[in-house]
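Two complexes come next, and they have one chain in common, chain A, joined by chain B in the first and chain C in the second.
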Partner chain A sequence: MNKVECTLCPRHCKLAEGQRGDCRVRTNVGGKLFSLVYGKPCAVNTDPIEKKPLYHLLPGSSAFSIATAGCNLHCLYCQNWEISQSQPENARSTPMSPEEVVSKALANRCRTIAYTYSEPIVFYEYTYDTSKLAKDKGLLNALVTAGYIEQEPLKQLCAVTDAASVTIKGMTEDFYQKMSKGTLKPVLDCVTTMKKMGVWVEIINLVIPTWNDSDEDILALVRWIKNYCGVDTPLHFSRFWPMYQLTNLPPTPESTLNRAWDIAKKEGLRFVYMGNLPTHHGNNTLCPSCGKLAIERRGYEILQDHAPNGKCKYCNFQLAGVWK
Partner chain B sequence: MPSKITRRRFVKICVLGMAGFFIAKLTGDPTQRTPGSGNLKEASFYRRADDLAG
Partner chain C sequence: MITLKTQDIVFLSIITISLLTMFALSTNNVIITQKGGSITAELTARLTASGLPLHPAQYWERTNE
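And now, the complex of A and B:
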């Protein structure tokens, strides 16, 4: 006996005494479920907000970024697998309370705390407590997540979250099963709930050769975003780079990303971006009203900002996003 | 044939070595131990066995 069922994510791991969840960071001790990573970040950095990527959240500002070990998905291409797929004992961590995270963020002149690199859902309690404190101090909270979470914890978290960059990895259950050992529906539900609850959402899609790079795959994603999130929701197509268990594939050709970009623009999405191609014009924000260059970027750097506070200086059009 | 002092020293080293080994075993590699709940944070979303159906 003494079994517990974790209800944080759709896996609903049922754990006997001493067992850990699929995420490796939640365990049953004496019939109670405990987080093994609360206050134990294994990655702490100050990053440009553009790295998350969140292009419509205080452009040019810094995000105090934290992560712990663990993830509830197991993507074959994971870029941060050293921490996301490790046990907390095997990822070197530094003790840091939520209070310390907030004070370090303020000391580093960050305007946002980003819960990122691995998966903030699996360090839920740490994310939530830190977010509450950060909000009281006037900081914004941003999740960088795969969105594989149950609705009840998500709604509670949304109350203290300002923005999220959510990866929709593919548009079929089959893709999620094979690539990430997860399911698609909870991810889509997560995005729509975030939108309903007023969280600023930007969608990421890693375009992987032969896996999700057909016109049909891209069109399905773009149309879903258009119908359920709206044309003002930024979409970032990101270039795949061979990593972890998917080193047999080549990097995504630029022509594939250009094709994806064209499809999304043709379908009417207003803000379509290119990730992992630092010098591509697809890093820039164009004003949807006058078509002029609003924000010019090179990689994570802002070269020109013609839309202070999100307002186009040529036509006064207010761009969607969080600008103040 | 070692002298008395050498033998005493030898025994001393063995005893200290064994003590060190057992202390390291008890306090060492945390992956080999079931964590206690003392310094852990209780999770927010879970059900206990008595709440589980079936």
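And now, the complex of A and C:
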């Protein structure tokens, strides 16, 4: 008895007294559910917004970025597994209240607070409280997430969220089960709900050799985005680098990413980008109307901006995104 | 006078290790979660004692299972 069921994410962990959820950071104490990571970020940095990656959210600005330990997915390729897969007591953290996060963001001249690195869904209460305060102070809030969340908490969070970069890891349930011990449908539902609620969304897809790099895989993703999010939704194909439990695979060949880029453009997506290939032309934004270079990037750096406030200076076309 | 042979010592060692393991598992209150995670009540108690704050979480309900 005294069991509780966490209804934050689709796992619905049923926890006996003293037990923690699959995310490792929510626990049953005395028949009530508590967060173990509220106000305890283990990573705090000022990053370029392009690192999230959010290419259509105040380009060239800074994002005050925080993360706590824990994640509700367990991806074999995780780039931040030291914190995402750790117990909170094993991740060195600094006490930082939501008020402190907001004041540090302002002091560091950041326009956005990014909830990132691990998984903001598992530090939900901290994310929500900080976002509410940030909004009151005129800051934007951006989630960098895998989108594995139930609808009710998501809707509450969307009310204080301005933008999100959501990773759609693959387009089959089998892929999600094997790669991340999760399921696909809640992620797709998360993206469509975010769009409906007016959150600016950019989609990330890590292209992993032999796992999700076939034409069919890429086409399925691109068509879903086109049908459910619209052609103005940016898609970032990201280069896989051998990490964590997938060190047996090679990095994604550039030719594979070029093929993915071609497929997405051919299907009509307007903004297709390349991640982890800093000098590739796929980092640039082209104006969908006149085809000219609107924003030139090298990695996280803006080299040329010909679309101040998102307006192409050659043809006055307004690019989709959050520009002020 | 009892003289222990090598095989007796090996046998007794195995029995002792098995008993100690069973004792450790029973006192450590290991719970294997439905989702395959493993966690101990003791660990959470230590965490609470270590000063990591417990903040009331949203989105949960009691269950009779």
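Everything below uses one rule, namely that the second predicted complex is superposed on the first by the 324 of 324 C-alpha atoms of A that agree within 3 Å, B and C clash if a C-alpha of one lies under 4 Å from a C-alpha of the other, contacts with A are read in each partner's own complex, and residues count from 1 in each chain.
The criterion applied here is as follows: a residue touches a chain if its C-beta (ideal position, glycine included) is under 8 Å from a C-beta of that chain, and two chains touch if they have at least 3 such contacts.
This one's a predicted model, so the numbers in the text were calculated from it and none came from an experiment.
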{"item": "Chain B versus chain C as contact partner of A:Asp262, first or second or both or neither", "value": "neither"}
{"item": "Which of chain B and chain C A:Phe34 touches, first, second, both or neither", "value": "both"}
{"item": "Chain B versus chain C as contact partner of A:Arg11, first or second or both or neither", "value": "second"}
{"item": "Partner chain(s) touched by A:Glu99 [first = chain B, second = chain C, both, neither]", "value": "neither"}
{"item": "Which superposed partner A:Asp136 touches (first chain B, second chain C, both, neither)", "value": "neither"}
{"item": "Touched partner set for A:Glu216, first chain B, second chain C, both or neither", "value": "neither"}
{"item": "Broader residue contact with chain A after superposition on the shared chain, chain B or chain C", "value": "C"}
{"item": "Which superposed partner A:Asn90 touches (first chain B, second chain C, both, neither)", "value": "first"}
{"item": "Residues of chain A at both interfaces, chain B in one complex, chain C in the other", "value": "1, 3-8, 14, 18, 26-27, 29, 31-36, 38-39, 87, 89, 124-126, 128, 150, 152-153"}
{"item": "Partner chain A, residues of chain C touching it in the complex", "value": "29, 31, 33-37, 39-48, 50, 52-65"}
{"item": "Chain A partner contacts - residues on chain B that touch it in the complex", "value": "29-31, 34-37, 40-49, 52"}
{"item": "Complex contact set, residues of chain A against chain C", "value": "1, 3-8, 11, 13-22, 24, 26-27, 29, 31-40, 87-89, 124-126, 128, 150, 152-153"}
{"item": "Complex interface listing, chain A residues touching chain B", "value": "1-8, 14, 18, 26-27, 29-36, 38-39, 87, 89-90, 124-126, 128, 150, 152-153, 156"}
